[in-house]
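Read through the structures below before going on.
Below, chain A partners chain B and then partners chain C, in two separate complexes.
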Partner chain A sequence: MTRLTCPFCGPRELCEFEFHKTVPAPGSVDEYARTYLRVADAHLSIEHWQHVGGCRAWLQVQRNPSTGAVLAIDMLAGEPR
Partner chain B sequence: MSAAPARSGARLGPGELTFTFDGRRYRARTGDTAASALLAQGVRVMGRSVKYRRLRGALGAGAEEPNALFSVGEQPLLIPNVQATRLVLREGMSLRSQNRWPSLRFDLASLLQAGGGLFSAGFYYKTFIWPCWRRYEGLIRRLAGLGEAPRGCALPMAAIEHLRCDVLVIGAGPAGLAAARAAARAGASVVVCESEPACGGELEFESALVEGLAGAEWIAATLAELAQRGARILTDTTVVTDNNGEFIAHAEPGGLPGRNAVYRIRPRSLVSAAGALEQPIVFTNNDRPGVMLLGAAERYLARYGTRVGRELVLFANHDRAYASARRLLDGGMRVRAIVDTRDEGTVAAAGALAPLRAELAAAGVALFSGHAVTAAVGRRAVAAALVKPLGTDGAARRIACDTILVSGGWSPALHAGLHGGEARAYEPRLGAFVPAEPPAARVHAGGANGRLELGAALADGHAAGARAAAGTGAVAGTDGGAPPQAQGDPPPRLAPFARSPCSVADEKRQFIDLQNDVTVADLRVALAEGFIDIEHVKRYTTLGIGTEQGRSSAVPGAAILAELRGVTPADTGTSRPRPPYQPVTMQSIAGFHTGEAVMISRRTPLHEAHVAAGGVLEPMGLWMRPRYYRANGGNAFDAAVAEARRVRAHGGIADGSTLGKLEIAGPDAAAFLDFMYLSKASSIRVGRSKYMVNLREDGIVLDDGLVLRLAEDRFLATTSSGHGTHMLSHFEHHLASQWSGRGVTVTDVTDAWAVIVVAGPQSRSTLAQVLGAAWQRSLAGLRHMDFADGLHAGHALRVLRASFSGELAFELHCRPALAVPLWDTLQSAGLSPYGLEALDILRIEKGYLVGSELNGQTTPLDLGMEALVKPGQSCLGRALLDRPAFHEGTRPRLVGLRAADGRAPLLAGAQLTTDAASTRPCGYITSSAYSPTLGEWLALALLARDRAVEGGTVTARDPLRGGDTLVRVVAPVHFDPTSARMKA
Partner chain C sequence: MSAAPGFARRYSAWSLLRARFAGPGYWRPLWSGRRLQPAYDVVIVGAGGHGLATAFHLARDHGIRRIAVLEKRLVGYGNVGRNTTIVRSNYLLPENHYFYEDSLRRWETLSRDLNYNVMYSPRGVVDLALTDDAMPALARRGNAMRLAGIDAELLDLAALERFAPELAPRRKRRFPLAGALLQRRGGTVRHDAVAWGYARAASALGVDIIEDCEVTGVSATGNAADGVETTRGHVKAGRIVFATAGHTGLVGAMLGTPLPIETHLLQAMVSEPIKPLVNSVFVYVSPGHGETYICQSDRGGLVMGGHLDGFPSYTREGTWHRLEDVVQGALELFPCIGGVKILRQWAGTNDMTMDGSPIMDRLRHDNVFVNAGWCYGGFKAIPASGAAFARFVATGTAPDLIRAYRLSRFATGHMLDEPGYGPFPVRL
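What follows is the complex of A and B.
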C-alpha cells in the first residue's frame, strides 16, 4: 500500500487518509470554474487529503499521477476551493 | 491400481499414500506432486483445453504450468484450478480434471472442433450475434470458464502477517541465495520468499560445484548461515504483487491455501531473483500430451525420480540440451534424438561441446543440427516427432517417441506482480525481454536479469544483495566477502527460434498459448482484422490472459507476431501481465474480515437495552439502530404500525444517540456557521435552536439538522446519523483552509451525549414526573425549539423541545451514564420505545424528509425550502444555486402522494408517469408508509415541477412488485398541517 508522509505523524498507510478533491485550475475566478474546472495534468496533480485515521490534518498532496510518486505533502492553508 | 515403481528423488519422503484422480485410485510417495505421481504411473492426459477441448498433459513442473489444472476435493468445498505440478499430495486426496463433460476421455464439446476446423479468434463475436447475442449466452457460459466455482468455502481463515525488512529477496535460487547472503553479511535484515517448497532452484538438479561444495550442500550451508544471521526464509510463498512498495506474498503450502496465507512485506529495497522461465518452441500439434519443457523433465527426474517418458526427442535452440540429454540418459530414459535448430557450424563452434556430443552419439542419440521438429504425431498423445531440415526442402523424417522435450530459451521472470510500469527491453542474445531501467530500490539478479549461467547468476546475485543492502543504509556487519565461484553448465549460446515452419493450414494447430488455445492462425486473423498492437492482439485473441499471464506464451507470442508483421520482437514488445502472479483465494484476501468483522460497528449506550427489549437492529453507516421491537408485532410492518399509533395516541421514546453532534465554539463561530449553512446561525438566540440545511459547493443539499446556540460563542450542530463523520471532515476542511487562523474550533461530541427522544401528547407530563421538581419550571417554559440545560441525578442534562414526529416532543441530551437509568424510568412511567420504522411513518405523515430525498441530486428548491433561499446570501454553495438549470420545469419537486382509491399500497422506488400508457418517468417515490393515523398509504415523491400540481394525478408504476397505481398529488404534509399538536 502506498504511504503518505503526514507532516505530524510521519509515514502512514494510505488507508488512514481520505481523498477529497483535486484543486481547481489556477486563475479560476468565478464559482462555476472553481467548482467544476479541475486540473488534469498527467504529471502533477494537486489534491486535498485528510488524515482521517490519524491527526485529522488537512493536507495538500502533490503527486505524479503517471508514476504514482508523491512529490510533496504540506498542510492545507489559505484558499480552500 | 498401478504398481508404484521404485523411485528416488530429492523431494520424495519415505512414506506412501493413495489418492484418486477422476475416480481412479493411484499410489504416490510422500512429497510427490499430483503431476509427478501421475506421470510416474503413465498418466499423461490431465485435462482438456478451455476452448477447443483438446486433450492436454503437463507442460511444466511448477508454477509455469498452463494445462494441468485440477479441482481438489468435492463440491461444495472444492478448490478449482490448482496446478497439478505444484499440488503436493496428501493421503486420500480427491482430484478431478477440468473442462470436460461427461468425462476426460470423451468430451461432447470437443466434437465442436471436429466439424469444420477450430474456432478462430473473434469467432464468438462474429458468430453468436443473430438475432441477439443473449440467445446464446447460456450455451456459451456452460462452455466458458476455467474449472468450476466452489459452492461453499472450508478454507481456513487466513492470518495476515506484516513484515518489515531492509531487503526482500524474491526467489531462493542460486542468485537469490547469493543476494540474501551478501545482504545479510552487510548487516541488512533480510526476508526471502521462495514459491517452491524447497530452496535452491536449478541447483537442486544441475550437476554443479559452488565454492567447492556440491549444489545441495551449498544450499544447506547458505540457508544455515542465513538463519544464523536472522534472515527469514519463507518457502511455498509466492510474491504475487507489488502494492506500491508493499509486497503481498501468498503462502500455499503444498499448492493449497493454508492458515497463515498472506504476508504484507514492506522492504527498503528489493532483489528480484525469481529466475527465468523456460520457453517452448511452437510446432504443429505442440499441445499433445507428451510435449513437455525440457527443464521440467529434468525437474521430475531429480526431484521425484519420475521419468516423463521412455523414448524422448529433444528439441532446442541452445547448448544446454546436450547436458540435459546426458542427465536424462543417466536417469534411465532413452533419448532418440536431439533436434537443434542451429546449423552445424554454430553448434560445432563450441569446442567444449564436441566430447559430449560424441559421447551422446555413441550412446545411440541421433544428433540433428539445422533441423526442427515440425509436428507431433499421434491422436491422443505423442507417438512420433516429424523432423525436417530448416531452410531446405528436405524430406520429413519420422522419429518414433512418446515424449518431445522442448526448450526455446529462457524468459526472465519479470512477473506480473512485480514489474508494474517498469520498461522491458528485448535482448536478442536471449531472444527474450529483460528489465530496463528499474527504479533504484529494485535490483534484478540472476536469471531474472538475463544471467543464465550459474557462475554469472551467483555473481550477479551477490552484487545485487550487496547493492540492495547498501541502498538501505544497513549497519555494516562484515563485508559480503568474495562472490561465490561455481562450476556448472556452460553458457547456452542460444539462437532465438520461436516456431517451426508449417503450411498456413497447419497454423491452426500451432499453439502459442496453451491455456487459452491461441494459435498462430489466431494471430494472423487478428492482424488481418487490424489489431496490430500487442495489447490489442492480446484482447482480441486472449493471448496471455487467465492465470497464464504470458509465462510461456509472451515471448513466443511476441516473436511470432513480429514474424507475421515483418518486424522484430523489440518492435512488438509483450503485453503487460497483470497481478496476482499466482491465483490468490478470496478467503486469503478477506483474512479475518468476514461476517461481523467485515466492518466495525458503533453502538449507542442504549444498545443492550434495545437487544433486551427484542429490538431488531439494522446498520446505519457504522451505527446499529433498532428498526422495531418484536413485542409490538411479528414483523416490521405490524410492529411499526403499532408503535406509530401508540406515539400519536399516548407517546413513546426513541434512541437518538446516533445523531452526529458537533460543537462549534469561538468568537467567529457564528460567522463560520453562517458560511457553512444556508440560513443564518448568527440570528439564533442563546437557548434557541433552528432547523438548518448545508449545501455542497455545487448547491446540492448535503445534510440537514438542528443547530442549538449554547452561548454567544458556542453552538451545537446535529447531523443526520449516517453523516456525522463526513460533516466533521467537511467543517474541518473549511477550517483548515480559508477559515484557518480564525477564532473557531469544531469538536465532535457525538459520543459525549446520548439522546433520548420523548414524543407524544403525554411526553411533557411524563417528563415532568420523571425529571422531578427541579425541572418543573424550565419544562413549562420551553417553547417549540427552546432548550434548557441543567442537572439530573448529578449529571449534565439538556432538554430540547423539538419534534421530528409532528407530536409534542423533547430530546433529552444526557451523559451516556445517565442514558440507561433515564430510559428505564421513562419506560416505567408508561412510555414504550419505538423504532426507526415507526419514526419513518411519523415523518412521512408530517412531510419531513426521511433521508432518501437527500440523495445528492436535490437542491433546497427541489425540496420545497424556497423560504431558506434568499438573494444576497454568501454561504457555501449558494452561488451555484442560481444556475438556470436548477430552475427548469423538469427539476424534481417534493410532493406528497396518495392512492386515488385511498387503499392501494404505495412503495418507495416506484416510477411515476403521466398516465398508464406513458413509459417515460417524470418522477419516483422516495419514501412511503402505511399511516395508521390516516388509514391509508402515504408517500413522499420527487416529481417534475411541471407535474407537481396538487390535485393532479399521475401513475405510480412498479411492475415487479405491484403493477400500476393511480395516485393523487397532494401537499407533502399529510397530517396536522398547522402543527397544532407539535406546538401544543
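What follows is the complex of A and C.
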C-alpha cells in the first residue's frame, strides 16, 4: 500500500494520511468495548483516517489487511471517535 | 541440561575440537523432526521466541513431558527473526521495569543455560535527547530505574562524548544533541540464535517441535478446551498456550473473544557490512520525523528500525515513507554513512495493545492461555516471559512478575500506559 485516493483530492501518497483507529464492532454498546476492543478480521478492516497533509477531511477506509488492497474510501459520516 | 542421546550434542571447546577431526556428519540437526502425536499435556501454538521458551521452561523447570510446539511455518519465521536484536530494561513503570530487568538478568546467562551461544553483547543502549527540556523526562525514567536497582546513567554532552565519540555529540548539526540516558547492560543478542537455541534445548528435553502445522480451531467440551484442530488433524491437549505474536487478534476472533489488540507492522533494515563504526545502540527521536534506532551487527551491517508503519496490516511489507524516516534519522546521527547501501528491508507483525503493555492471561477457557500483546518489546522479553509463563501454565497461578499483565486490566482501569497516550495502539 503506497497511496490512498482521497474522495476530495484524488490519489495521494500514503504519508499524507494519518490512521486514527479501527471502527468498533457493530452492536458494541458499552464504553469499554467501544474504547478498547477491536474487531480482528484478516480480510476486512474498517478504519478512520484523516487526510492531515491535504484537505484534512475525516475518511472511512475499508481495507484488506492481508493484502493491503483498499476496498472502499468515503467521507466519514458524523464525528470521529 | 542433559542432551538426549544421539541427538543434540553438548557444545564445548572439546566438541569443537572433535568436530575438527571427525569429518562431515559430526554435526547433527539442532532439533529433531519428530512426528505429531495424537495427544499432549500441553500444546503451544507458535514456535517463536515466547512459545519455544515457554516449552523449554515447562520441560526443564516443571517436569512436564508431553509438550508439542505447533508452528504454521518455520521455527523463527516470525518476529523472533525479524527484530533489531536489542535488549534493555529501561522502562518507567515499575510493573514493566521489574519484568524486563528479570529478562535482562536472564539474557546475561542465557548462553550457559541453553548451552548455545546467543551472543549477548552488553554494548549499552543510549536514548538521546535533543533539547534541555527532554532531559528531565530521561532523568525521571533513569531515577525510576535506579530506585528499582537497575543501572541507568544520565549523560551530559561531555559524558556522552566520552562514551560515544563516534557520535561527535558537539558537532554542529540541524538538531543539536543535549544529552542521553545510558543503560550499559543493555545491548544486543543474536536473534536467530535465540530461536535455534531454545528449540534445540527444548527438543533435547523431549519437546516435539512440529513445523508446517497450522492451528485452525480449538475444540471444547463444556467449559474446558480439550484440543486443537490443525491442518494435520485433531490434537488432544490438556492445556493450550497461544504464543502467536502479531496474530493474536485473529486467535481471539477464532475463540469468539475480541481482544484489545490491533496488528501493526514494524519494519527494520540492514545495510551492507562496513568497518566498526557504531559501538552502542542509539535511540533517536527527531522533531522532523519519527524515530530511529541504530546498532551495528557483528558482521558489520548497520541494523536500523523506527516507528510503526501506523495502520493495521498483516502483509509484512513496510511502507516506503517510514523507511525514509528511519534512514533520515540515521543520517542525521551519522552523516558519514550517506554512501552506504541498504541490503535488506523487512517488516514484522506486532500485537499492539491499547496501553502498550503485554497480555499474559487465560483466554475464554480455564485451560487456554494467551501470551500476547508484546507491541514492539517482545524480543527482549523472551527469557522472562518463558520462565514466568511456564510457571503460570504449570501451576495455574500467575507469578507476581506477570500479574499486572492480566487481560481484565482494561475493564477495571488498571492499564499500564507506558507510552502515555491513552487507548490507542499508535500515536505518531
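Convention: the second predicted complex is superposed on the first by the 76 of 81 C-alpha atoms of A that agree within 3 Å, B and C clash if a C-alpha of one lies under 4 Å from a C-alpha of the other, contacts with A are read in each partner's own complex, and residues count from 1 in each chain.
Note that a residue touches a chain if its C-beta (ideal position, glycine included) is under 8 Å from a C-beta of that chain, and two chains touch if they have at least 3 such contacts.
Since we're looking at a predicted model, the values are computed, not measured.
Novice: For A:31, select first, second, both or neither according to whether it touches chain B, chain C, the two together, or no partner.
Specialist: In the superposed model, A:31 contacts chain B only, not chain C.
Novice: For A:65, decide between first (touching chain B), second (touching chain C), both and neither.
Specialist: second
Novice: Answer with first, second, both or neither: which of chain B and chain C does A:77 touch in the superposed model?
Specialist: First partner only, chain B.
Novice: Once the shared chain is lined up, is A:56 touching chain B (first), chain C (second), both, or neither of them?
Specialist: Once the two structures are laid over each other on A, A:56 reaches chain B alone.
Novice: So which positions on chain A get touched by both chain B and chain C?
Specialist: The answer is residues 1-2, 14, 18, 32, 35-36, 67-68 of chain A.
Novice: Under the touch definition given earlier, write down the residues of chain A that touch chain C in their complex.
Specialist: Residues 1-2, 13-15, 18-19, 21-22, 25, 32-33, 35-42, 45, 47, 49, 63, 65-68 of chain A touch chain C in their complex.
Novice: Any idea which chain A residues touch chain B in the complex?
Specialist: By the definition above, chain A touches chain B via 1-3, 14, 18, 20, 31-32, 34-36, 48, 50, 52, 56-58, 67-68, 75-81.
Novice: Help me check something: in the complex, which residues belonging to chain B touch chain A?
Specialist: Checking each residue of chain B against chain A gives 243-246, 264, 421, 697-698, 725, 729, 732-734, 736-738, 740, 879-880, 883.
Novice: Inside the complex, what are the residues of chain C that reach chain A?
Specialist: Within the complex, chain C touches chain A at residues 249-250, 252-253, 258-263, 310-315, 317, 319-321, 354, 410-411, 423-424, 426, 428.
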